[in-house]
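You will see chain A twice below: alongside chain B first, and alongside chain C after that.
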Partner chain A sequence: MKKILEVFLGIVTGIGGFLEAGSLATSAQAGAQFGYQLTWALVLGALSLIVLVEASGRLAVVSRRTVAEAIRERFGFGYFSLPLVAGVVVSFLVLASELAVTGVALQLVTGISYRWWAFPVALGGWFLLWKGNFGIVEKGTGLLGLVSLVFLFAALKLHPDWGRLAAGALPSAPKEEGAQYWFGAVSILGASISPYLFFFYSSGAVEDDWKEEDLPINRITAGLGMGFGAGVSIMVLVTAALVFFPRGIEVARYEELAMLVAQPFPRFGFALFVLALGITCFGAAAEIALTIAYLAAQGWGIPWSENQKPAEHARFSLVYSAAFLLAPLLAAATDPLKLTNLSMAVTAASLPVSVLPLLVLLNDRQLMGEHRNRLPGNVALVLISVMAVVLLFVSIPLAFLGGG
Partner chain B sequence: MRRHSPWWSRGAVALLALCGCGGGGAGEAAKEAASIAAGAQLAASLRASGAVPRVYAAQLAGDLRGELAKARQTLGADGDAGAAAARLDGVLEKMGRAARGGDRAGLRRAAAAAGGLGRALSGAADSIEAAGGGR
Partner chain C sequence: MLIVRDLLDSKLRDTFRREIGRVDGIVLEVEPGAPPRVAWLEAGGPVAWRRASHTLARLDEALRRRWGARQTEPARLPWSAVASTEDGLRVTVDADRTPAMAWELWLREHVVHRIPFSGRGR
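Let's turn to the complex of A and B:
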């Protein structure tokens, strides 16, 4: 019974915790500008994320090491400094963007600018990490984040053309605005395959003390939780394709996204949108700040755990405190949507340094024993690695050409 | 035929855009103005039916005016697109006032006017691009 509950919670928090500033913005922009045509990027991102999350969870369970610790031990600190720096820089940008967008949610109901809200939101996130534990951060925000299912109901109410949506799941070339189309695809992939997700997930597996008998839970959570979570992102794209695309509205600010839900649900859509935006982005901010602390602590070999009192892991707590102190400065100084778009492109560019080592680690007989990768897993990881290398070279130029 | 600017100039535009500054060509600006008009039409009609709160509609009208000001810098005052954008600015001002004052009839009028101007701007954008004035 406990296992069933654990699986259920894993799936539910996967769904509720999937949507955040990046996936929301990139899906909505794609739907508004290209209709269903970029659905394939979301499907590809979701499949890649499922493979990476399952692999990082399996690595943590079998080796009793997080992805960051395993990379540092196997490749040395010299190499590890690459994913460390890339991970911290990218996570910092994404953290600032999540804080700004949580501020936008508060701005929608108060009229006070997100620039002012970024600071109290950061304080709230810091308080959650300081007083809470890993379960509260992950499952609490994930469960509350289920309000993001409003996009599923909005899409169903708008009666999408399922045939055209299925056709969009297959890659196709754009008729015009090629740079914007490919930048949209790269941003979606960056938002879907954020390295912070698998660094966080593997740290969580160690925090929750998963054992080998938990491997099926890992597989189900990764597959169904992330799969259904990505389904919510697809529904954001669908609502934008049905509300904005026919009217020629291109998303220029997060505030406009409220109309995606208010249009099909005039009585309560706006309130649900504000809740979904605020909760999912606040939850993501807490997880990202924690990931920055995990990366730094695991990289330098200092004690870490969100399940202990902050005083017992002072340096670990200091890292997320510093992240919450500095990120609102960036959040308050920039446009949230432009910051999100840029951070998604940088995330996509940073993927190879985190993804390529996984291929080696998961084939390490000593580390993984009988749970090392089989042929299908290796084929999937090689394909993702190739895609990550392509993204490294195209994402930043496309950000300039396509409107980052 | 579209004119292409060098990569470094596009890079500078993207970096400026991150700070909320800069803009593209006239065709692109007319398209942005058309998108703003369509957004205003939807927001005004949603507020008129009570689907979004007063503070939201009033603030969005102000934000859209800010976005439109950037597009108008590129479009200038002359030509169909420039004139339509100038009229749209007035409509957005009225929309903001109607939203703040709870004037639903005013919001419906603003929605209708924004819809018409959106179609005019979209047509103007096509004409500019056909004439080679796009980015």
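Let's turn to the complex of A and C:
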């Protein structure tokens, strides 16, 4: 019974915790500009994420090491400094963007600018980490994040063309606006396959003390939780394809996204949208700040755990505190949508340094024993690695050409 | 045991199994007529950054000097103190008495304990 509950919670938090500023903005922009045509990027991103999350969870369970710890031990500090610096910089940008967008949700209700809201939101996120524990951060925000299912109901209410949606799941070249189209694809992939997700997930497996008998739970949570979560992102694209695309509206600000839910549900859609935007981005901010602290602490061998009081792990707690202190300054100084687009492109560029080591680690006989990768897992990881290397070279140029 | 593969970057635990840090550097002792032997393990300080980039190591050292660091030198633990090499290294020292924990203890006392809900006294 306990296992069933764990699986259920894992799937539910996977769904509720999936949507955040990056996936919301990139899916909505893609739907608004290209209809269903970029669905394939979301499907590809979801499949890649499922493979990476399952692999990092399995690595943590079997080796008793998080991804960051295993990279440092297997490749040494010289190499580890690359994913460390890239991970901290990218996560900081994404954290600032999540704070700004949570601020936008509060701005929609109060009329007070997100620039001011970024600071109390950061204080709230810091307090959640300072006073809470891992379960509250992950499961609490994931469960509340289920309000993002409003995009599923909005899409169903608008009666999408399922045939055209299925056709969009297959990659196709654009007829015009090529740079914007490919930038959209790259941003979607960056938003879907954020390295912070698998650094966070593997740390969670250690925090929750998963054992080898929990490997099936890891597989199910990764597959169904991330799969259904990505399904919500696809529904954002669908609503944007039905609400914005026919009218030629291109998304220029987060506030405009309220129409996606307000049109199918005129009475309470706006309120649900504000809740979904605020809760999901706030939850993501807490998880990202925690990931920055995980990365730094695990790399240096500093004692870490969100399940201990801050006084037990002073340096670990002060790393996420510093992140919450500095990120609102960036959030207040920039346009949320531009910051999100830039951080998604940078995330996509940073993928190889975190993804490539997984291929070696998952095949390490000493580390993984009988649970090391088999042929299908290796083929999937090689394909993702090739894609990550391509993204490294194209994402930043496309951000300039395609309007990042 | 291979020094670089099995020792370098391993997790260091103290005699009470508390995490001290990682093996950031290894000091070898060379005596005439004898093979080199591991004399010390280094943890903390700018040792790790030196392995990644000399520029970053210099930046690290400058920051430590600028901000009145508690710990400018790495902790040096004698190889003779290594009690176990299973799942990282366990050394027979008290972590709190090594320079590796100087920052942790200073920050706990002077910063974290002054913030509400830090769990002081637990």
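Criterion: the second predicted complex is superposed on the first by the 404 of 404 C-alpha atoms of A that agree within 3 Å, B and C clash if a C-alpha of one lies under 4 Å from a C-alpha of the other, contacts with A are read in each partner's own complex, and residues count from 1 in each chain.
Everything that follows uses one rule, which is that a contact is a pair of C-beta atoms (placed from the backbone, for glycine too) under 8 Å apart; a residue touches a chain by one contact, two chains touch by 3 or more.
No experiment lies behind these values; they were computed from the predicted model shown.
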With the two structures overlaid on chain A, would chain B and chain C clash, or do they fit side by side?
fit
The chain contacting more residues of chain A, comparing chain B with chain C, is B
Partner chain in contact with A:L342 - chain B first, chain C second, else both or neither:
first
Of the partners chain B and chain C, which touch A:M259 in the superposed model: first, second, both, neither?
first
Would you sort A:P376 into first (chain B), second (chain C), both or neither based on which partner it touches?
neither
Just chain B (first), just chain C (second), both, or neither: which does A:T334 touch?
first
Contacts for A:R247 in the overlay, against chain B (first) and chain C (second): which applies, first, second, both or neither?
first
How wide is the angle at the Cα centre of chain A, looking out to the Cα centres of chain B and chain C, in steps of 10 degrees?
130
Return first, second, both or neither, reflecting whether A:G163 touches chain B, chain C, both chains, or no partner chain.
neither
With the two structures laid over each other on chain A, which partner does A:S81 touch: chain B (first), chain C (second), both, or neither?
second
Per the contact definition in the header, classify A:L401: touching chain B only (first), chain C only (second), both, or neither.
first
Taking every C-alpha pair between chain B and chain C in the superposed model, the minimum, in Å, is 27
On chain A, positions contacted by chain B and by chain C
none
Okay, in this complex, where on chain A does chain B touch?
107-111, 243, 247-250, 252-253, 255-256, 258-259, 262-263, 266-267, 269-270, 334-335, 338-339, 342, 397, 399-401, 403-404
Contact residues on chain C for chain A in the complex?
4, 8-12, 18-22, 24, 43-44, 48-49, 51-53, 56, 87, 103-105, 107-108, 111-113, 115, 117-120, 122
Quick check on the complex: what are the chain B residues that touch chain A?
7, 10-11, 13-14, 17-20, 31-32, 34-36, 38-39, 41-43, 46, 49-53, 55-56, 58-60, 63, 67, 118, 122
Touching residues (chain side chain A, partner chain C) in the complex:
64, 69, 72-73, 76-78, 80-81, 130-131, 299-303, 308-312, 314-315, 317-318
